[in-house]
Amino acid sequence: MNLLTSMGLLPLIGAGLIALLPVSNAKLIKQGALLVSVLVAALGITMTIGFDRGVTGFQYVERYSWIPSLGISYQLGIDGISLILILLSVLLVPIVILAGWNESEGGRFSVKTFYVLILVLETMMIGVFAATDLFLFYVFFEAMLVPVYFLIGGYGSGARQAAAVKFLLYSLFGGLLMLASIIGIFVISGNQIGRTFDITALSTLEIDTTTQNFLFLGFFIAFAIKAPLWPLHTWLPDAAKSATPGTSVLLLGVLDKVGTFGMIRYCVELFPEASRTFTPLIITLAVISILYGAFLAIGQKDIKSLIAFTSISHFGFITLGIFAMTTQSNSGATLYMFNHGISTAALFLTAGWMISRRGSSTIADFGGLQRVTPILAWSFFIAGLSSLALPGLSSFVSEFLVLVGTYTRYPVAAVIATFGIILAALYILIPVQKALHGPTTAGNENLPDLNKREIAAIAPVIALIIALGFYPKPALEIINPAAQVTITKAGYSDPQPLVGGDK
Amino acid sequence: MGFQSPALEYGALAPMLIIFGAAIIGVIVEAFAAARLRAPIQLAISLGAVVLSLSQVWRLRGSATTTAAVNSVVIDGPVLFMQGTILILSLFAFFLIADIDAFAAQASAVPGSNEEAKALQSGKIQTEVYPLTLFAVGGMMLFPAANDLITLFVALEVLSLPLYLMAGLSRRRRLLSQEAALKYFLLGAYSSAFFLFGAAFLYGFAGDVSLAGIRSAVSGGPGNDVFLIIGMVSLSVGLLFKVGAAPFHAWTPDVYQGAPTPITAFMAAATKVAAFGAMLRIFYVSLGGAVYSWKPIFTAVAILTMVVGSVIAIAQRDIKRMLAYSSIAHAGFLLTGVIALNQEGLKASLFYLASYGIATIGAFAIVTLVRDSSGEVGDLNRWVGLAKRSPAMALIFSLFLLSFAGIPLTAGFIGKFTIFTAAYESGNIAVVVAGVLSSAVAAFFYIRVIVMIFFTDPEEDTVTVTIPSLYTNLTIWIAAIATLALGIFPAPFLDFIATFATFTR
Amino acid sequence: MTSENLVYLIALPLFSSALLMLLGRKADKWGHIFATLISASTFVIGAMEFFAMIDRPEASRAVTQKLFTWISVGTFNVDAGLLLDQLSIAFVLLITGVGTLIHVYSIAYMSHDKDRRRFFAYLNFFIAAMLLLVLGDSYLNLYVGWEGVGLASYLLIGFWNQKPEYATAAKKAFVANRVGDFGLSVAVMIAFANFGAVSFIGIEEKVGGASETALTAMGLMLLLAAVGKSAQFPLQAWLGDAMAGPTPVSALIHAATMVTAGVYLITRSNFIFDNAPTAQLAVVIVGTITLLFGAIIGMAKDDIKKALAASTMSQIGYMIMASGFGPAGYAFAIMHLLTHGFFKAGMFLGAGSVMHGMNDEVNMRRYGGLAKFMPITSITFGLGYLAIIGVPPFAGFYSKDKIIETAFNAGGLQGVLFGSAALLGAVITAFYMTRLMLMTFFGNKRWAQGSEPHESPFLMWAPMAVLAVGSVASGYLLYSGKAIVKWLAPVVDKNQHEHTEFLPPIVVTTLAVVAVIIGVSIAFIKYRGDLSESAPSEVSIFTRVIRRDLLQDDANEFLFMRPGQKLTQLLVKTDESVIDGAVRAVGSSALGSARGMRKLQTGYVRNYALLILIGALVALLAALAVTI
Amino acid sequence: MNPTNYLYLSAILFSIGAVGVIVRKNAIVVFMCIELMLNAANLAFVTFAKINGNLEGQVMAFFTMVVAACEVVVGLAIIVTIFRSRRSASVDDASLLSR
């Protein structure tokens, strides 16, 4: 069997096997889930190693007819962009399982259900990025809502049900708009080249301007809700605030990337003309998101919603990079997706440990943790530095690529977006000061520092953050050809330097 | 003028004849069999008839299109498919009917009277519901097969009249049940009158009661257009009433709520198939040529129906009423298939009807299980925390709701996708957009129910999920498996439908 | 020329820092010594490179080292590359030299702190970052070091962050620096958009073809970066608060090295500024304002470290001003930077020594007469004092005198204005430094209860002594035979500009010496006798304003913090009520219309029939209308 | 006489029936109104049969009568049952199911 399918199927089979284990043996269930996810991660790394960096187009392609009468096939394949996101997904799952060893307890459903849901979700995540059939993509896109919904609503805290419902309704609304567009492009394909959902074939369609604009909007709104872009973001803080840290990591780190991934793969590549038409609007929204998310993050009192709002700011950068349509900005945006995934993971997991130790997620309830729990505090601090894109850490490379790439085409937007880096310093350092510095708040004197398991979970993340900051080349080598293809498909070429460029 | 006795093609009519025959036998059994034995005998007859009839449908599936009974009935692909669907749905309906004590021991007895109590105590339970159901099934099978206005009207009444009675047969909450029957009857008769009046004007327009005759008149005959319009609109009112389209939908929630749940399931699933079958035939075969007259109206009705069904459902507190509004919304979605007026629309409608029908039966089957000491519990507030009591049933019910909501990997999604595709192909994009938007609204209340089932803790413990009997269990599981299977691997079924989806004109 | 050794300058202290952090308490016993040895070894490497460089002919003195391709996307290619030329080597020696001395000093100074190892880890990290800053061969590499020193500064200012105000000071410093980083980021973007390159060499090659607008924009953005990092007006406010860090930190980072990075940046970007006169003028103006601003603040400070910080700000103002004069000034800016590195570091360490002897008292009103009790400290500090106020032949005399001269030489009204400002700055400098000397080492004892001033241990005074030597001699060494000017010319003055003279040097020198005499005299008159233990409260409005740092914090609060907080609160509310409110409104309006439409469902058969009838009639009319 | 007039009559009868259903409360009367509508349709059928010159309309009328008779059976059964339960034949009383 092909590697992609095996990789996607493995967590599902794992979930099935775990479902057979006795409910009472929580430890065995956790170990089983961890084992499965580690195996999947190993497959993911194998796949990355085997990926041919030099060539463009999809690799590991496989195709089976699924519903022939509707032109639907089970069709998978990855290019650099999907590879990097799949890799992110499969790396984060074991880390999340390891880091949130106990967060499955005390939920509405059993520990077993939690891990079954996580593994099912992993299958969906792999599928959604690997699908090269639009219908298949949509199936994964919608189906992954179900496990996430149960993960938020079943294991979170606070108003978790309301948050889960809000998340689901927002997503469904977007998804259904996208469905209308999918139907539209499907019918057009039927008229022009015979019914198909193959995205490579679909990108060759000639669609008239008005139709293209509407179809584009259907996709874009769905992805802008997912990503999320201002002003469609209000589900995210609620969801992130209520979900367990592990779920939040997967939610912000991977699921939301489906939105930005979709913008590249579907909005831009299927509707280049409409993309160009809407670029000014989208760039404006992206810039607003950057600043708005940052300001809102500064104003948060709850550590989880703070992180959620920082993500809104970061998604603004990613969207900006995608629609600035230069090689740098586009590669930067894709790399940003990966980096945001790992740095948000680090931030959320460490915040989660702080919260579970203190029993509160209000920033003001912490204080002086650097002296009580130095390792935890340092982990949080480094994660925060990564979030504010400190040079030398991975996010800097991607953020700067986005900005420098955007500047060559939209200098004003780039300069305004750069204000985000000042605000970023505030939204990270304020919680750092309140939570880690200052005198130790009463009641926090005896909080335990990270244990070995937790260190084992966070260490690889931090190592990756630092390593990719100094040596992003392996990732960029994977991404660059794909980004180049996207730019070309969208009908753009990089602006030449004003001095000494080939005019 | 000599009188020729009409030639009846028994082979082609066999599926219907078997059902009608069994119904008559049922009546006789009701009259003569011992009280104790009635129920099993009736059930055996009903199930036997349905299975036999189904086998006849299966036998006929490949044969060429025929007309029967002097051109008054046509047996073509869509008809056979719909008859098959109706039979399968009614098989499950019989399972539900057989399973439980939902029906009044003696429907004629005054609620709360000594008579009633005595009948209950003695166990002399009347089983008229079986032959009534069989008659209704027969009418339903005839409805889409009718090839002229006379047969159409007769079929409509044959399927309706038993249903009016069946709606009033509930053992518990009898006043509500009787009220449902009364409402259903009065409004049904009222809409039948419209139907008939429309039929008269169509006849006046075409000078012919056969659908073929009307078609040739519509496409370029000399007829009076005003007659055509009056006829078409009035006839449509009758049909739209049956499928529960707005603004002719008002009976649906009241009747669905008041009727015994197995009957509600049967009505919701099978009636829809029959009524849409007839509607599809009439509009595809006869009135296709006048599409410009009715398409705008039907588009408006479809959109109104989706919106009304989806939006009002949000505010419902009773599971059966909610499902009723959901069925209204689905009628709206199905109407897009009628409007599409193309091959794809027909195929999609057939798929939609089958998948919707099976999920509906399954959903109502689960509704029958949720009870307290006084019978079924419809109040949604008392459904909270159901997942704790019966996770499997909660999951399956959610599956049905997700299918109704059109979430991928369920049959409902494929149905919605294909039917909207057909509508989009016909250029009716407005209805597609309205469709997806009201789907979003609809998703809200489906999800609300799922939230209640899974995420809310029960306040009291009087509500139980009874252990389903073999029949109900079969119904639920088969419906669930079908819903999933048709969602994940719809290809064989879609291909199967494609072999049926041509109307004989 | 390439060299394989440059990377060790950065890698060694970085490794040491990481090691000390990761080992944790296990390294407590030897961490400080290890870190100091590492720092010393970087100095040795730097010295070896320096001597090797001297041996090479002028044209091939610069060496480079390419480590690996850092970022490569399309035409955007940045190597992790290092460049050691005449400009960087000066910084390397200053950083590693002064840095090592301060490591040594800190061994004793921090000996009672249980987190000494962590302190040394930070110091090593700072050394690594600062060396990367001056060695990076492109703006982006520089940026990494630039933020790295910012981080080190943040960590060290907040070293005792259990005190909330110290933590706030650290944050303030970082944020002010980030404002500067904004400038640096945009400058790099402009560079890439215009030149397709971000390396110094790559840009310099193409600079001739660029529009002046682009260069001015880039210059101004670089200036913004420098302003943030070097605590220049208007981003000067963080430096005073940064004195929250341990005193060695103030000496190393906030006096000798990091805060001068802005001067390095402008000097390094000479090819931009030389072609952007408007930007240059802005540099000079910023420098001038800051040199006066810092000096004025310094007059009223009673906190010894804050007085020195104000002085630092002012002195860097001189450097920035000088660098704004282009090829005529770069060398003197760097020269003042180096001499300042010695005498200001020396004085800060002296201040630390005083605090060490006075139970960490920083208020000069509670000092007095310490010369007797801390002889070595008072002498080394005194030498630094003579250097900073510009008494010949101490170091500061040469460097400051040259800057004043260059200012006058700018010509015209501008030259006179800037020159006079620089002179005025010299007067004030002499005043506040004399005041500081008198209040600390002379006059009456105003000590707090229990103070037993004593001289610091050897490990502390030895570095002070070395720096004192530098304060005395470095000026002459750098100046004699125009050594520094010639040394730097290949980097900053490739075309060997002819510099015009507005006033003869001897006149300027005389003026400068007179300025010093005036300043010293005023201070003597005012602070000669015994002082009270607390600052006089009945003072003029000017004094009050100066005590409040010329309202710098008030202005920031009024202009940025308050509006920013208001905006944040407003947005938080907006998000809650307007945006999420709109979403909820959609939900509730759906529910509302559901309730409304539900009312049609009256339960009365007759109403339902009416609906049917109306529906039928409307449909009929519509159909008729459509058809006819 | 112009057969169209019968159509007008039929329409009027139908309308009276249709409105009667809405305005009358007694279930029996409501039902009678429905019967009136059915008969109006019958009249239309017969008239059209005359106009079109074939017999199909008349045949249809016979079918309608039979079906109407069946409807009466079912309808009266329901109405009587509900009358026995409620002691009222007002359709407005039967409004427990609503909203």
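Letters are used for the chains, namely A, B, C and D, taken in the order the chains are written, and counting of residues starts over at 1 for each.
As a convention for this text, a residue touches a chain if its C-beta (ideal position, glycine included) is under 8 Å from a C-beta of that chain, and two chains touch if they have at least 3 such contacts.
Here is each chain with its UniProt name: B = NADH-quinone oxidoreductase subunit N; C = NADH-quinone oxidoreductase subunit L; D = NADH-quinone oxidoreductase subunit K.
What you see is a predicted model, and the numbers here were worked out from it, not measured in a lab.
Colleague: Please find which chain has its CA centre nearest to the centre of all protein CA atoms in view.
Modeller: A
Colleague: Compute the distance, rounded to whole Å, between the mean C-alpha positions of chain B and chain D.
Modeller: Using C-alpha averages as centres, the distance is 25 Å.
Colleague: Could you work out how far the Cα centre of chain C sits from that of chain D, in whole Å?
Modeller: One centre to the other, that is 95 Å.
Colleague: Any idea how many Å lie between the Cα centroids of chain A and chain B?
Modeller: For chain A versus chain B, the centre distance works out to 45 Å.
Colleague: Could you give the separation in Å between the centres of chain A and chain D, each centre being the mean of its C-alpha atoms?
Modeller: Computed from C-alpha means, the inter-chain centre distance equals 65 Å.
Colleague: Going by the touch rule set out above, which residues of chain A reach two or more other chains?
Modeller: Within chain A, no residue touches at least two other chains.
Colleague: Multi-chain contacts only, two chains or more: what residues does chain B have there?
Modeller: 182-183, 186, 190, 194, 253-254, 444
Colleague: Residues of chain C that touch two or more other chains: which are they?
Modeller: Correct list: 598, 601, 603, 605, 609.
Colleague: Each pair of chains that touch: what are they?
Modeller: A-B, A-C, B-C, B-D, C-D
Colleague: Touching residues of chain C toward chain A in the complex: what are they?
Modeller: Per the stated touch rule, the residues are 21, 24, 68-76, 80, 140, 143-144, 146-148, 151, 154, 158, 161-164, 167-168, 170-171, 174-175, 178-179, 181-182, 185-186, 188-190, 192-197, 206-207, 209-211, 214, 567-569, 571-572, 575, 579-580, 582-583.
Colleague: With touch defined as at the start, can you tell me which chain B residues reach chain D in the complex?
Modeller: Going by the criterion above, the answer is residues 107-108, 110-111, 149-150, 153-154, 157, 161, 164-165, 168, 174-176, 178-183, 185-186, 189-190, 192-194, 196-197, 199-201, 203-204, 207-209, 253-255, 257-258.
Colleague: Enumerate the contact residues on chain B facing chain C in the complex.
Modeller: Within the complex, chain B contacts chain C at residues 182-183, 186-187, 190-191, 194, 225-226, 229-230, 232-234, 236-237, 241, 246-248, 250-251, 253-254, 292-294, 296-297, 300-301, 308, 311-315, 441, 444.
Colleague: Where on chain D does chain C make contact in their complex?
Modeller: 18-19, 21-25, 30, 91-92, 94-99
Colleague: Chain B touches which residues of chain C in the complex?
Modeller: 587, 590-591, 593-595, 597-598, 600-601, 603, 605, 607-609, 611-612, 614-616, 619-620, 622-624, 626-628
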